[in-house]
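Each chain carries a letter (A, B, C and D) given by its place in the written order, and its residues are counted from 1.
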Amino acid sequence: MTIWLHILAIALLASLGGALWRVWRGPSQADRMMAAQLIGTGGVAVLMVLAALQDWTLLAVAFALATLAALAAVGFVKSESPDGAGDPEEAPPATELRGTVQDRTRNG
Amino acid sequence: MSLVLDIALCALILGVGLATVAGHGVFRAVIFFITYGLLLAIGWARLGAYDVALAEAAISAGLTGVLLLAAHGRLRRLSAAEEAPLRRNLPAALIATGVALALGWAWFALPDPAAPDLTAALPQSGVGNPVTAVLLNFRAWDTLLEAIILLAALIGLWMLARDRAWNEPLGLQYHARAGGVMASFGRVLPPIGLIFGVYLVWAGAETTGGAFQGGTVLAAVCLVSLMAGVLPAPRIAQTAWRAALVFGPGVFLLSGVAGAIFAQGFLALPPALAKPAIVTIEAALTLSIAVTLVLLVIGPPDDGGQDA
Amino acid sequence: MSLTVFAMTGATLVGLGVYGLLARVHMLRRIMAFNLIGSGLFLFFGAAGARGAALDPIPQALIITGIVVALAASALAVGLVVALARSSGTACLPDEAGDT
Amino acid sequence: MTALISGLVLPLLAALAAIALPARARLPVALLGVGLTLAASIWLAISVWTNGAITVSLGGWQPPIGIALRADGLGAALGVMTALVMAAVALAARHEMEPLVAGPRTSFGFWPLMLLLWAALNAVFVSRDLFNLYVGLELITLTAVALVAISGKAEAIAAALRYLLFALAGSLLYLAGVVLSYAAHGTLDISLLAARTAVPGDALALGLMTAGLLVKTALFPFHVWLPPAHSAAPAPASAMLSALVPKASLLILLRLWFEAMPELATPVALFTLAGLGALAVIWGGVLALLQARLKLIVAYSTVAQLGYIFLVFPLAGGDGAAQPWAAGAWTGAMFQMLGHGLAKAAMFLAAGIYIAAVGSDRLSDVRGLARALPMTGFAFALASITLLGLPPSAGFTAKYLLMTGAFASGQWAWAFVLVGGGLLAAAYLYRPLTAIFAREIAVTPRPIPWGWQAVPLVLAMLSVALGLLSSVPFDFLQIGRPDQAAEGL
């Protein structure tokens, strides 16, 4: 059983490697952030496998990671809004679209 | 097999570290830095240091990341987020290689481990988690100063406000569409986080957890509520907030003084009372740490105006 | 063996951080480099503390303290960078903004 | 023991109260904290004088499990010097940091930051634990950086950021050494480390810690952050930063090289440290000569004056520690630490009075101010006597003792540094002194209260008195010194 858990953990780490490539490649800031969120989820999965392997108290670490990943996502959305304090749901769609295009040209 | 797992993990950590330093674009570096903290937390889990893993996940990956993201956003609005590309810098590379090699050599030169023997002391400490015993009992003076450092950083941060903005609310004035995703999120997450944060403080006495980790989780949910516009932004002039900042260090300090008067000395905890004393101190510290961290992340009062 | 892998990773991270600190001029980069150095040192320390028969809790406690101290320093540094950008329009130190 | 703990607890409690209490209660509670901490520091010195060095194991836990504190003669003397400077700073800041003058932001932040800095300094002066010293140093760094930035000017922000950059780099280097030494020996306690079995990694650990502490002490060539930071801060803050903050990292350096790992003090290492000190004396002096602003001259002179203290390494360290001249040279360097602290604080507070009076510290603007503000001019001149090393000041005693050590040990070269540095100091202090004591007044000053003017004068007079009454402090500084150097002149 432990050998399978090890293999599972390694496979999950490999999938994190794929997400990391997306962080590197981008091209938009949202792409990078979404990839980071994916890594957060993958990290939670790895920790849960490790919890099964080593010690169940690691579930607390996994839970903390999940909570804080949510904060990072909110922080990103806020810092990307025009005044740094807004919300994409408030902005008219046209502005948002233009913002994305600008992001692509800047980072691409 | 576990060695393969550790090597794969370390390779990822190193790759992310390299990308943070060498990749172009400050934003990309920030995102890599966030994932770096996350992978490091897994590393601590592999080393069996669960309390450190929790601290790394909550503080390094979580709060530092949000801090850097917010700073990047502000710098971009000030047109200061761009940077020159990395040029080859031979002296820096030589120094860096030298430092890494010296540390690597030191590892192989280490004598046999000589950890202090805690077996006699731990039962007297009042708690089952040895890390908590070290933090709140054996080396409580470090921990007290550490809480004071957080407070000092916050006072220092406030000194960066402009004079005319001093009486403004702290940080940016967050807003979100009423009933939108953000606002609902700001209402759903806090109760879950609150329970989890309190659990971490309570559990810290016997198993993984502690005041700093629990305080960080509480700070995180409080930040989400603030950003969702559910909580109003605090002001420096509000006495309740300032009292919450000093409450934990104050309780810690006074309990230390009580130890000097009623027990063997400053910061001494009689074994019979150690457990309730530690839990009380941790509870008070958690509140103050959470408030301090929230205020550290949202930053000094800001009227949004530009300097001339 | 695993411990050696972690210790060497820590040492390399310190080296990477030192390089970032010396070769990068954007202050957010340097703040990240500091954290890289710090966490590399801690990883080395954690591996060293795990060598004995039982896990030594003292390094773990010191590392947690170190992580919190690093956060406090980072928060003040980030505040200073934003204040610098607000007053001078750049996130690099005055005499370094031009080079690299 | 109560005195030792009071010196740590009282400033912390006062700082917490100053943060939480409403604005009108802030100044009274801060001044009360200053007064009580001053009393505690003097009380500690008296108990050390009567009972010898005081050791406390915090929480009742002995090292290596817990943290030990120990107040020896040096730590207690630095505590008293710090207390005197802090009390003077508080009296000056009552005027300079008044809400109507400094604004609500500065008048809010100054008092807690000052009190926290004081607590951190006292913690470092008595701590015997390498990691606890790291935490103390970080608290010093963060409060000091905030005090630099407190004026809010663009150049102050840049100076504070550069300071933080250097200070954090220094902290990490120091921390690297601490990590290596715990990994090897399983203890962080200085006394236990002195009794350790030496391993090859010790030299690397000591080298890393030393490098980090040198950056924090602003020894040449790591001094570039100091002058802009110290001159950009408001005068009461500059006084603390220049007189007190570098002494903390310097003290740890002394504890490492003289107490924790004295057997690693090879002649080459000791010569390198003193050589850098000698270069600092010369380079700091030359740059001080080129400045046009009073505070910058005083700040560059700090770089030079700190350099002298490093002569203690070859004169009293390593194999020389057991020699008859070691105690004299060692005490000379400690006199330099104490005398420089008092004199430098007096100079910065005098500069603060000039800035309050004429709005500038350019030499062209402070011309003739000795006529309008005679006490301040006199204070600056008296403090200069200590920096120049003229009798009967503490600076004279310091240089006399170091010079005797240099001749007795046959290390003549260091005597040239002492003489050359004195001449350079005469050159760079000549310009501000002639400007202040010029016959014609350049700018008519605003009136300054007598109580404020007296503050730097008292400090400057103390720095001279320390030289006049040097035998008591001389004996005091020997209390709790490492045994090997106990035999004196």
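In the analysis below, a contact is a pair of C-beta atoms (placed from the backbone, for glycine too) under 8 Å apart; a residue touches a chain by one contact, two chains touch by 3 or more.
It should be emphasised that the depicted structure is a prediction, and the values quoted were computed from it without experimental measurement.
Colleague: Considering only C-beta pairs in contact, identify the chain pair with the most of them.
Modeller: Top of the contact-pair ranking: B-C.
Colleague: List the centre-to-centre spacing of subunit B and subunit D in whole Å, with centres computed as mean CA coordinates.
Modeller: 31
Colleague: Quick one: report the Å distance separating subunit B from subunit C, using the average Cα coordinate of each chain.
Modeller: Comparing mean C-alpha positions, subunit C is 14 Å from subunit B.
Colleague: If you average the Cα atoms of subunit A and of subunit C to get two centres, how far apart are those centres in Å?
Modeller: 22
Colleague: Could you list which residues of subunit B touch at least two other chains?
Modeller: 2, 46, 48, 63, 72, 74, 103, 110, 113, 115-116, 118, 138-139, 142, 146, 149, 152-153, 156-157, 160
Colleague: What residues in subunit C touch two or more of the other chains?
Modeller: 14, 44, 48-49, 56, 58, 62, 65, 69, 72-73, 76, 80-81, 83, 87
Colleague: Which residues does subunit D have that touch at least 2 chains other than itself?
Modeller: Within subunit D, residues 131, 135, 138, 142, 145-146, 149, 157, 176, 183, 186 contact more than one other chain.
Colleague: If we use the touch criterion from the header, which chain pairs count as touching?
Modeller: Per the contact definition above, the touching pairs are A-B, B-C, B-D, C-D.
Colleague: Enumerate the contact residues on subunit D facing subunit B in the complex.
Modeller: Touching subunit B: residues 1-2, 5, 9, 12-13, 16-17, 19-20, 22, 56-61, 64-67, 103-106, 108-109, 112-113, 116, 119-120, 123, 131-132, 135-136, 138-139, 142-143, 145-146, 149-150, 152, 157, 176, 180, 183-187, 197, 199-201, 204-205 of subunit D.
Colleague: Once bound in the complex, which stretches of subunit B touch subunit A?
Modeller: 1-2, 4-5, 8-9, 12, 15-16, 19, 23, 25, 27-28, 31-32, 34-35, 38-39, 41-42, 45-46, 48, 50, 53-54, 57-58, 61-63, 65-66, 69-70, 72-74, 77, 172-177, 180-182, 185, 189, 192-193, 196, 199-200, 203, 207-209, 213, 216-217, 220-221, 223-224, 227-228, 304
Colleague: What residues on subunit C touch subunit D, complex-wise?
Modeller: Going through subunit C, the ones touching subunit D are 14, 21, 27, 30, 34, 37-38, 41, 44-45, 48-49, 56, 58-59, 62, 65-66, 69, 72-73, 76-77, 80-81, 83-84, 87-88, 93-94.
Colleague: Which of the residues in subunit A end up touching subunit B in this complex?
Modeller: Touch residues, subunit A against subunit B: 2-3, 6-7, 9-10, 13-14, 16-17, 20, 23-24, 26, 29, 32-33, 35-36, 39-40, 43, 46-47, 50, 54-55, 57-58, 60-61, 63-65, 67-72, 74-80, 83-87, 89-90, 107.
Colleague: For subunit D, which residues are in contact with subunit C within the complex?
Modeller: Of all residues in subunit D, those touching subunit C are 131, 135, 138, 141-142, 145-146, 149, 154, 157-158, 160-162, 164-165, 168-169, 172, 175-176, 179, 182-183, 186.
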